[in-house]
């Protein structure tokens, strides 16, 4: 394992300290070392947006704290939910008096910790409502859609929720828009190599050389199939075959597209993939109105890629277009 | 090799096509498939800024085409100089009538091809002047400074040159500012794992597990020492030990800092490193006025990191602050 | 041998739990690596070690020590283990409230409370290949042994054996919750990490209580 | 056996060069991998193959074929090989201008011109562990063999042997230019990739010329 860290048990602490030193204009500390906030948060009379999750997915989650995005974030260990207290303290850091929308991903740990944190907040009359992202198509069949994991679709959900809150919407309206966003979003990941948590010191799973895992999760959760690597164009087709029929996405749909590397995939390969995705979507009569290509939601140094698509209505389109400024996503 | 491509001999073609489809607002095609330009280029009465280099370093080089940055770029094969014709055609694409500044990195192939291209351009009365970046400290001793490679310092040179051209400066002034920029810049890379060119199909060199190569080049060119990996803090110290005395950087200097991953290094590790860099620079009384952390100049899926520092005077400070908009670097 | 121990002197049981977890850190992660993400030992070790640093000297009473452990897990650890083991230990501590001695009756209640606590927060069922699959048979076995006339120490031995049998039975189960559940049939054939740590915890508790009864 | 070949029928020599490069693509990259970046075979193969596609049918004359190869390398290939081999082949073609037959005199001039062309654009010296270290001894050896009374074919054989000796001598050299030069002493002990491809090219030319003389 050839990696850069000091004490493997404190990589998160060390990295958070670096983030705070590097970006004082975007990230501010709170009393809880595992909670960061926008310098402007809590913003009076705006619904607070909170998220949180395990580390190792940078720029997710803390990189989406910013204007028009997330107000406060709870930071977990590598690939592990933040504590209930961290979520709770993030709620407090984000609350401007109109309640807090906690928009997070569907993982057992996050579910439990958020549940405890929301209970705790209620004791202090802080209203928190939640939307749990479940955009990862291969993680469960459609009739068990509530079991699906949340992946890079969360970013679009935060963008929508953050923009809606900026418009002055109340908590229920923000929650409704964020829920609509994730309900209209589908993702799939392809894994090409595993990753190593520094404290573990060895890869968290294995993929045979020359093979790819279709439907892999952000922590290496197994996918639906392992097969010899196909050419980029066929990988693109395969990914679309999984997500297009699931929503379904159809002719004349306006869509947002997010292609994210999992960490170690060369950026040029994302563009090789996009070249085909664009071709197919155009041939199918879909209209890509928002496009994000890069390392938006990673898994340490895993190789692979995720594709996320959202079907837009005029509201989602408007909210995705609204200005935002965070480390991971900026709209001017 | 678990990677995403179609024909390994056409990864550059396929990726360039993807870039053009993805970012029509930032990148425009030219008649030469290996030359991209800003949609606004050639801009009348502005000195044109051109760069070029091998592919596999994304977002370098094409990701720095944009307003306030580079007007046209010549795109080479993976890790291989663009052809003389590509450089020449990029000059033509960038020329708004006041000449072209070709700001590129010191590699044998680039030197030869630029030399041929400049000759060719002169035949058509197109004046091209060059600055060749040589910021990579470990690549040659100080008394052979002209032999040093150009690495991520090129990005800061493009930013300075692009901003100066935007101010309406003439060719000699742009060249002088870009030269000043690179003369005030020092870099060093640490390599932790090799990378694989798809068409080669196996790693381009090897680093023993648990070891790091100090002073490694962007194509895996050997560094000055291979040693067991040190903790992040010691890596930071070691990097500073190489570059601070070389310029030298001193107390009360205003500096710009760029920490770039080589492709597969998790972003959080760059921040772990930065945490220490910031501490040392502050202790030494230096003032970091511009900071860039991320995958700014990569080497496919290599693991490792480069550190680049520029000592600022008021002109360089002003030019780095000027607005810019490109895929790799945006300043509002 | 007395059939109970003094609660206020038994805070050391938590120290022994911490030691047991740290000693098995690598093994627990390895088990988690087969069908999970390979961090169970790290998670547990980090949480338990952090709690250890807060126990203080002299050691607090058993319920205070359990509560310190629980709070540290819930507040600082996160993950799944924070809430799950946090609830497990606070539920145990709750049953010690108002007690001076830990005897078989109290221990039986602690086990039931622990089981209910984990079940409530985690919404998993027995058979889902989780730590419940060590906890539940252990709870039942202790009850039955005690009711059938075995003494406290013998009942603890029966419980330890049942925990181990429960743990080993997870090999044949298909995971229904947690990360491993996405594997479906492919999750069969290996131990569950949480059941393994739970078995370890229960056996360490049993051993520590028995030692204190002898002392 | 005649001591010259008809230039206008000899465009096939370039086809043979392309075939030789493609057949050795992997080997050339492997050599480059030891102290360079492992792409020499890929670079050469891509450039030469692209030129092959432009040669047309029927094949052009030797100088036209060499110029097509040169232009393709310079215009399309890039890297170091584009300019270096581009100049090498255009310099050779220049010496064929106005000639009808390629004999030993003309070939000697081609070799000298090739050497000067590569030296000019690359600014490397003999002994720097580059393709010059195959090209220079080959040029000298051909000259000397011809001057000492050997016939064209024998002189070509002498040249081929010298190119190979020059190539092998790069093993003991320390690279002074190109990527490998950063290795310093560590660049000693292995072949230079460019010298290897250059030797291959010269030997393929020699063999092709000899065959045409027999035919």
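Which chain is which? They are A, B, C and D, in the order written, and residues in each are numbered from 1.
The criterion applied here is as follows: contacts are C-beta pairs under 8 Å (C-beta built on N, C-alpha and C of every residue); 3 or more make two chains touch, one makes a residue touch a chain.
None of the values given here were measured: they were computed from a predicted structure.
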item: Steps needed, at fewest, to go from subunit A to subunit D via touching chains; value: 2
item: Per Cα centroids, the chain farthest from subunit D; value: C
item: For subunit A paired with subunit C, centre-to-centre distance based on mean C-alpha positions, whole Å; value: 33
item: Rounded Å distance, subunit B centre to subunit C centre (Cα mean); value: 55
item: Separation of mean Cα positions, subunit D and subunit C [Å, integer]; value: 75
item: Subunit C: positions in contact with at least two other chains; value: none
item: Residues within subunit B bordering two or more other chains; value: none
item: Graph class of chain-chain contacts, one of line, ring, star, complete, other; value: line
item: Chains touching one another, given as label pairs in label order; value: A-B, A-C, B-D
item: Touch list for subunit A against partner subunit C, complex; value: 9, 54, 76-86, 107-109, 112-113, 115-116, 139-140, 149, 197, 199-200, 202, 204-205, 217, 219-222
item: Subunit C residues touching subunit A - in the complex, by the definition given at the top; value: 29, 33, 37-39, 42-43, 46, 74-84, 121-122, 177-179, 182-183, 186
item: In the complex with subunit A, residue positions of subunit B that touch it; value: 1-7, 11-12, 14-19, 21-22, 55-56, 58-59, 192-193, 207, 209-212, 229, 231-233, 235, 263-275, 278, 291, 293, 295, 298, 300-301, 303, 305, 330, 332
